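Here come two complexes built around subunit A, the first alongside subunit B, the second alongside subunit C.
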Partner chain A sequence: MPIIFTIAIQEVKVLFRERVFFLLLAIFILMTLASSFIGLVATTTTTSIYNASVEFLHQAGTDNIPANPLNALPALTNFRNVIVYIFLIGSLLAIVVGHRSFIRERKSGALPLLLTRPILAEKLFFGKVLGISLALFAIISATFIVSVFSSLLLPFRHLVASDIERLFLFYALSFFYLLFFALVGLLFAIKTKSESLALFVPVCIWVGISFVLPELVSGQTPTALLNPVTMDQVAPDGTFFALMRTYLGPLSLGWHYTSFSSQLLNNSLQITNAGIGSALRDNSGKLFILLIAIGVCLSLCFYSIRNYTIQEENIYE
Partner chain B sequence: MKKNNRFIIETKSLTKKYDGKAVLDNLNLAVAEGEIFGFLGHNGAGKTTTVNILTTLLVPTSGSAEICGFDTVKGSMEVKKSIGYLPENVKFYDNLTASENLEYFAKLSGIKNSKEKVTEVLEFIEFTGIEHKKLGEFSKGMRQRIGIAQAIMHEPKVLFLDEPTSGLDPMGIKKLREVILKLNREKRMTIFMNTHLLSEVAKVCTTIGVLNHGKLVYKETLENMLKRFSDEESLEDIYFTIGE
Partner chain C sequence: MNNFAKIFTVAKKEYADALKNRVFLVFLFFLLFLIGVSIIVAAFDFQGKVAVYQNALLKLRQSGQVVENLSEPQFFPLQLLRGAIEYLEIIGAILAIVLGYLSIAKEKGNNTLQLILTRPISRFSVYLGKFLGNALLIISVSGIVFVGITLVVDIVGKTMLTGSQLYRIFLTFIFTIIYLLIFFSISTLLSILLKSLPNALIISFVIWILFVLIIPQIGDTMDPDNQVPGGLFNSLHMVKADQTAILAKFSHYEKMRDNLEQTSLTKHYERLAFAFLGIKDTYNGKSLEFIFSERAIDGWWISLASLLFGVFGAVIFVKKRVLWKEE
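On to the complex of A and B.
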């Protein structure tokens, strides 16, 4: 078996034996189930209010009653909270996966053993990245399956083939978003000397991407930013926000993720009528920026592993 | 003791500086094939830095080091194929079993029949029946023996041990000593051992070198050293005399 796969399998095997992985998986699945449950409760409540209103209007002698507006919404609307969960919690947990990938070996003293084996640093790097990707893929796949099955809980609206296709696309997008944060975690686990700093810096980056940049670009409050709205928000008038939107807008990964995800899960008109291909074309710029960000992180991790030497504080007697 | 004229480990004017401060200062050291070399020195003398350079983990500031005739910088891949290494306080992957840990390192060393190799190595070091136990349940002494097993899996020519007996109880030390001697006798492995335990040096090593503030101040076979310092009461007294 090629060394890259050996390292990747070891990465997954070790992660699967750690509590942190099961915690991660449990959180993702619970988030999905919570989203389905909230969707179910909201749908049931709204429908019962609608039915009561219909009965009331019938008794009042009104016959021209509009149809239940919920029926016009796609079933995937019930999963829109998952966007917020992945955006906020998922990305933070992905940092932990990337961080653990390298810190684990630094702390256990196994790193010198790896570095004194006749393997190229490139293979070690690709093995680790493949292992991290496989772990994230397993988590995302499990969440996707739970999403599909939990949709059966919704009595009024079941997923159709195009819904599953959109859900799949949403989770694929989420995978890349999480991969970016996992690579940030990996990068600082390699670069920094102390374990706490290796976690602190990625969390600062997470805050910047999740809150600061979107706020600068949109001029909205952080709470408003968490709303998985379908349309790009228009920044308030003023030179500052106009400049921010022009120059920082393209870098706002969190903003791109939430707006594209919302289109996939929320907006029936844009997606259903124009098709997924059209949605992908419309959001190709956002996808491209996300992939560029992943590419930059990969390059920095690669460079850091190639030039890694045992930290000085560890080698001084 | 097996002796020949070929040096399997050789350093020439080896220097390592951190922030301008020399941790190793023009170290010239040669170890012949088949020796058990005890590298002595106080804390901070530069022993671990020397081993880190010899095992390709560090690049020297100046000078050179060769293992089996290969430069540790230019020929690092060849050096890695020739060495086994057990650092101080290695814990491995706690959640994996002993055999899972060893199989991983065997695969990284390019061993194809890793399962069989693990069994063979554990039998050689007389440490069987623990294959399916998680390393998290192991004592320090047991971990050190697993450490030795991973280091000799690919049958290296030179084995580097950094403070191998540190933190071990007397039984752990005895078992580790037996393994080291067996490796040297039966596998003809050259062993480079960093230590500050003089009693261990006397029981295991054939040659000793003393490092003081990054400089090699003494190198001699144990036999000759004991003759030279026959007036001293103990090895400890000899060590302090050399240090002076």
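On to the complex of A and C.
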């Protein structure tokens, strides 16, 4: 078996043996499952509130009452909370995956041995990236299956084939989003001397991408960005926000992810029930930026591994 | 050297060490930057709302329509602090986790804990010294943040804050310290308790993400008026009094949602801070007596949690037979 695959398989095996990784994974999958349940409880109660309001308005003599707005929402909106959990827990999990991938080698003392053989630096890099991708693919596949099964088990409106297709595309997009964060975790695990800094810097970047840039672009506070109903709200008017949108908009990966995901899951404030083709066309720029970001991280990781020098480490500092 | 002097020496060392630590400094500057940005964004957001109001007013006047029903956006300078409080909840808590982790990790990593404990100083004094040093650091950091906040609000809001407003900021500052000490104590406790330091750090982050982001998010998402863009009641054109009458019939659901939110210590801090600063409309312009009568429970919750985690950390530090064993 080529050495790259051996490294990749070893990577996945070791990762799935780690208790902390399992804890994060369990929380992530549980939250995905819970999000369907939360969506069901919330929509059922809201429908009851709507019915009570209609009765109240009828008694007050109002005749022209709008139809229940929940009925106009597509079936996929039941999964809109998953966007938030991938955005929050998924990306943090991905940072841990990338971080552990290299820190593990540094701490075990296997790295000096591996890097004494020059050809192994490249293979180590490709093996690690493949292993990380496989782990993320397994995580995303598990959540996709959980979502589809929860839609069958809970009394939701059933998903039709095009809904499943949209859900699939959403999870494919999520895979790339998580891969970006895993590579950021890997990069700082290679570059940074201390283990804590290697975890804290990606967390800083994560906060910047998830909250700071979207706030500057959209004017929304961090908690408002976690509300799936308003997460892709357009920014207020004004020169400041126009400037931010122009210069910081392209860098705002978190904002791109949530707005693209909202459109894929038919949860967008701007476009509801737009076709998949239209959603993909409208968001091709965002996807391109995400892929560029992944490409940049891959190149930096590759360069860093090739130039990695073994040093005496105080990894706990 | 008496016991107090020993505790003070450990505290002084903790304080000085943290100020030299890059991780801590990175997060401190990040927090200050974010808070500044959030206030500026809030000010521009308010300007945007004023511009929208003025445009609407102009159009209505030009078309000869009645403009009395249009309400002008009111400026409340302390409401600019919404984003700042949210960043204190998020980044402030990470900063406290960093301090708690580093406080134990540096001793374990350098194997200095064994050396310290060979000296005539009790484990409790070492813990107390560490806690005191980091608490002083949290007080200093919060002090810098809140002085900065006051200055930025003065400049951006083009207004001088009144004595009452400054007192409300001071109360928020006090409860911010108590809130941050919770995360410091959790992180310290886990770093003492767990054999693997990285696991302690990751579990601290898991607790952080649950308390700070996930539980409040679930509560917010379950709000019936948050299910439809624009709000359910707005789509039915219902006035506030009618909304309250309808929601009273679903009090069990609201109670369940509220109980869920109350499991998050961050939510308690947020409710208290938003009440003091008048960010939540219900408390805007209300007296402090009224706010305390309504929200004292939140203050008690975070104070109790801070105390409990601190005491628990001390007990583990004193009682744990082997504090550090190489993996």
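Note that in this section the second predicted complex is superposed on the first by the 267 of 317 C-alpha atoms of A that agree within 3 Å, B and C clash if a C-alpha of one lies under 4 Å from a C-alpha of the other, contacts with A are read in each partner's own complex, and residues count from 1 in each chain.
Operating definition for what follows: a contact is a pair of C-beta atoms (placed from the backbone, for glycine too) under 8 Å apart; a residue touches a chain by one contact, two chains touch by 3 or more.
Worth saying up front: this structure is predicted, and the values here are computed from it rather than measured.
Asks: Once the shared chain is lined up, is A:279 touching subunit B (first), subunit C (second), both, or neither of them?
Replies: neither
Asks: Should A:179 be classified as contacting the first partner (subunit B), the second (subunit C), both, or neither?
Replies: neither
Asks: Going by the touch definition up top, name the partner, subunit B or subunit C, that contacts more of subunit A.
Replies: C
Asks: For A:139, using the defined touch cut-off, is the partner it touches subunit B, subunit C, both, or neither? Pick first, second, both or neither.
Replies: Neither partner.
Asks: With both complexes overlaid on chain A, does A:129 touch subunit B (first), subunit C (second), both or neither?
Replies: neither
Asks: After superposition on the shared chain, which partner residues are touched by A:6: those of subunit B (first), subunit C (second), both, or neither?
Replies: first
Asks: Would you sort A:298 into first (subunit B), second (subunit C), both or neither based on which partner it touches?
Replies: Neither partner.
Asks: Classify the contacts of A:50 with the two partner chains as first (subunit B alone), second (subunit C alone), both, or neither.
Replies: A:50: touches subunit C, not subunit B.
Asks: Look at A:213 in the shared chain and tell me whether it touches subunit B only, subunit C only, both, or neither; answer first, second, both or neither.
Replies: neither
Asks: Can you list the residues of subunit A that meet both subunit B and subunit C?
Replies: Touching subunit B and subunit C on subunit A: residues 315-317.
Asks: Show me the residue ranges of subunit A that touch subunit C in the complex, using the header's touch definition.
Replies: Residue list for subunit A touching subunit C: 19-20, 23-24, 27, 31, 34, 38, 41-43, 45-46, 48-50, 52-53, 56-57, 60, 65-66, 69-70, 73, 81, 84-85, 88-89, 92, 96, 100, 103, 194-197, 199-201, 203-204, 207, 211-212, 215-216, 219, 221-223, 226-230, 236-238, 240-241, 269, 314-317.
Asks: What does subunit A use to touch subunit B in their complex?
Replies: For subunit A paired with subunit B, touching residues are 1, 3, 6-7, 10, 13-14, 17-18, 104, 107-110, 112-119, 309-310, 312, 315-317.
Asks: Per the contact definition, I'd like the list of subunit B residues that touch subunit A in the complex.
Replies: 18, 23, 43-49, 52, 55-59, 77, 80-81, 83, 85, 87-96, 100, 104-105, 107-110, 150
Asks: Spell out the part of subunit C that touches subunit A in their complex, as residue ranges.
Replies: Touching subunit A from subunit C are residues 22-23, 26-27, 30, 34, 37-38, 41, 44-45, 47-49, 51-52, 82-83, 86-87, 90-91, 94, 98, 101-102, 105-106, 108-110, 197-199, 201-203, 205-206, 209-210, 213-214, 216-218, 220-224, 226-229, 232-233, 235-236, 238, 242, 245-247, 249-250, 253.
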